[in-house]
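First subunit A sits with subunit B, and in the next complex the same chain sits with subunit C.
Here is the complex of A and B:
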């Protein structure tokens, strides 16, 4: 474990505000357990819990807070200078940070998704959701990490993507679904464990290729942006 | 030995002897500043991007609805329904504005400067709350006014048609005010917990979005009472339920009200009032603690 990833992990876990993340997965598990124990039909509670809450809210929001936090918080504080002035290639800064962000997001999201998937249908669905959630965590983290280098307001721009692009437009304009990480995750999970609970219009090859493309592309972009990064003051 | 020849010059420093404006004016200035901050007025172009993006979208939707109605004569959404359909944008707007209003002051540690004025702790919180509330009300009310103007100028019933429209518009504006009060108090409370704008924005969105699916789950539970109480689960649904109870078919055309709420309408109103009161009380408590530091 490199020093950069160590610092990043400590920066994430060392503060009390990190506890803010925990209610999200807990609510997901609680709702799944509650629905299961009361004997509601999984066909009814599955989609709102697994997709509506798990893949559409918990995954992107956790990825957003963590993904912009690993680098964005340091840029905001100005402490990023301490890392930038070390004789490290830029990829050795970006990749460990991306790994930490992906790891934290994946653990926070995959565990409750696995539990909810098992309760809703089968162990296979649980594993599929967890695996697809991990891939989604990678793609989202790469996107939000790159955003925190492209703009001084990564969280708000990330929210525009999650709320307006995926949430609002995804409901009305089906064309935007082709460019939505959420839909890729659903498609991949549905391919790994075909059930009637998950539905998407994106085909599996498109989802797989696009997930890989998003992950690699935004990571390369982030490394490139960090090469010519200029430290600026507080946003007005 | 010569005598010291230095002279202390009088360079004209004076005490301020004019009238001091006092608490009401401090409150007013803070409120106005907050309202301008909400829309990024008096600040750089970058601060205007996100608020005006949201305003642009809602105005566009209102213009579209008006155009459809005047051309095809089809009512896409009523004035009251407009607020409901814009709920995601309202959440986003709160996530943009609430951290700007309170988290910046916490982050840069200027609160002692504010509180060294004749400004009680509660007034600061109340002024920010009022600013956010008014901004939200303007955000939801202005597009409704656009819709009203469109409908009023194309009405075929003369003055009585305009009057009917006005009677439809007023409950819509009141409903928008309910949205504004509930969302402002909840959003500002969350944002005041952290000095990091990024975390505040994430927290606001997380709370509002997380609670929405709870309503969905509760409404398919096998108990009728739980179903009827499901809308207590999230602020968005709570506001909608209060609107359904008080406005009736202005919000849900087709007279299907009552089925969803059962006899719990008054309870919803009480819970909404309690929610706002609790949020404001917690906000005051928060600022008592911050000010004591």
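Here is the complex of A and C:
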């Protein structure tokens, strides 16, 4: 583990906001277990729990907490200066942080998604949701990491993207789904385990290409922004 | 504006040199730093100025954390902006007390050494911690430290790669007198070793005790640079304004006009406003004159003793 990853992980797990990661995945598993144990038809509880909660809320919100935490929290409290005053090419700072954010998000989200998928349909669906969730974790993390460097309110902007763009506009304006990581994850999961529980809006090639583009594009953007990182304008 | 120059002789063995050439920085319509040029060589230099003078902005530009709107900042002819390679020779201790509170001092300084890719990070960390005398507390979490200990830990992390240039923004803020003394000794030692040390402060006495050379910033401009004693003399000898109230202001005004240290007297409703060219001579003469004339002085208040007025005088000098 690189020193940057080590400091990032210590910082992430050492902050209280880390505890915010757990309630949503727990709720996801509990709802799936409850629905299954009560004998509710998976066709009824599957889509709202797997997609409505798992992919539309748990995955992006966990990614938002972690993705803005790995760099945004250090920018907020000023500790980022310690890492930036080192003779490291900026990609050697961004990539380890992205790896930590993706890894933590993937682990936190993939396990409950797998459990919920198995309970709703099959092990194959569980694995498909977990794998697609990991890819989604990468894309969301790259996006939220870059947001930390693009704005001083990355959490707010991230929430606007998740709740307004993906959550609200996606239901009314079909075109917005082409720029929705949530839709890419659904499409990829459905390709890996085709079921009636997942309803796709974008094609698999579009989902794959866009996931790659979002991940790479926002990572490159984050590296470039970090090269020009300015300390907030204090004039004292 | 006249810039007072009293540059000390160049050191015999020049090490790293930080150069600012016509540097300005503005935020929208607000000019934070205005056309500053300076050259910093080995030794300790104080960056002095009142709050809001642009010291932090200037330090951030020197440290590569802010792009100059105009002009260039170079370390040994290399720009500091968008150039992480300069951090091999440059260390920064920022004003903001930002430390990874969850790490111990040893972990923190060791992480710095590793990030610098030093050949023996353990040894470098041990040496840096010893330099700031933090060996006894190095295995405690930084979150449990006093402000002074945190500051020393940050200095150790900034020194772990043995940089030729060290920039410190208000390093004495919040320190108790003992910690201050310790930090001053450390800066002296580093400067004597041939490093280029620049520290900012808004407190005249701090700069006086640590540094022989100062750069004085006022309202974003470089008001004075050079030997501290020369500048201090200029500050001391500036005209001083006093509010004086006595049992007979008119008679006292007449008597004061005969005193060489007095450059002007204004008689007002509430008393006299006296302008004196020499602070010491006037304050010694006043009781003597009052006694000779049988006048009782009821009030003597220096009117322009704020640091801002002292600095402002330098701008006009």
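By definition in this document, the second predicted complex is superposed on the first by the 232 of 236 C-alpha atoms of A that agree within 3 Å, B and C clash if a C-alpha of one lies under 4 Å from a C-alpha of the other, contacts with A are read in each partner's own complex, and residues count from 1 in each chain.
Everything below uses one rule, namely that a contact is a pair of C-beta atoms (placed from the backbone, for glycine too) under 8 Å apart; a residue touches a chain by one contact, two chains touch by 3 or more.
Predicted, not measured: the structure shown is a model, and the values here were computed from it.
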item	value
Touching partner for A:38 - first (subunit B), second (subunit C), both, neither	first
Which superposed partner A:84 touches (first subunit B, second subunit C, both, neither)	second
First, second, both or neither for A:7, with subunit B first and subunit C second	second
Contacts of A:231 with subunit B and subunit C, given as first, second, both or neither	second
First (subunit B), second (subunit C), both or neither touched by A:68	first
If touched residues of subunit A are counted for subunit B and for subunit C, the larger one	B
Subunit B and subunit C footprints on subunit A, overlapping residues	235-236
Sites on subunit C touched by subunit A in the complex	27, 30, 32, 51-57, 60, 63, 65-67, 82, 84-88, 90-92, 94-100, 102-103, 108, 111-112, 114-117, 157-158
Sites on subunit A touched by subunit B in the complex	17, 20, 23-24, 27, 31, 34-35, 38-40, 44-45, 48-49, 52-53, 57-58, 61, 64-65, 68-69, 72-73, 76, 152-156, 159-160, 162-164, 167-168, 235-236
Footprint of subunit A on subunit B - complex, ascending	43-44, 46-47, 50, 53, 57, 88-89, 91-92, 95-96, 194, 196-199, 201-203, 205-206, 209-210, 212-214, 216-217, 220-222
Sites on subunit A touched by subunit C in the complex	3-4, 6-7, 10-11, 14, 77-79, 81-90, 227-231, 233-236
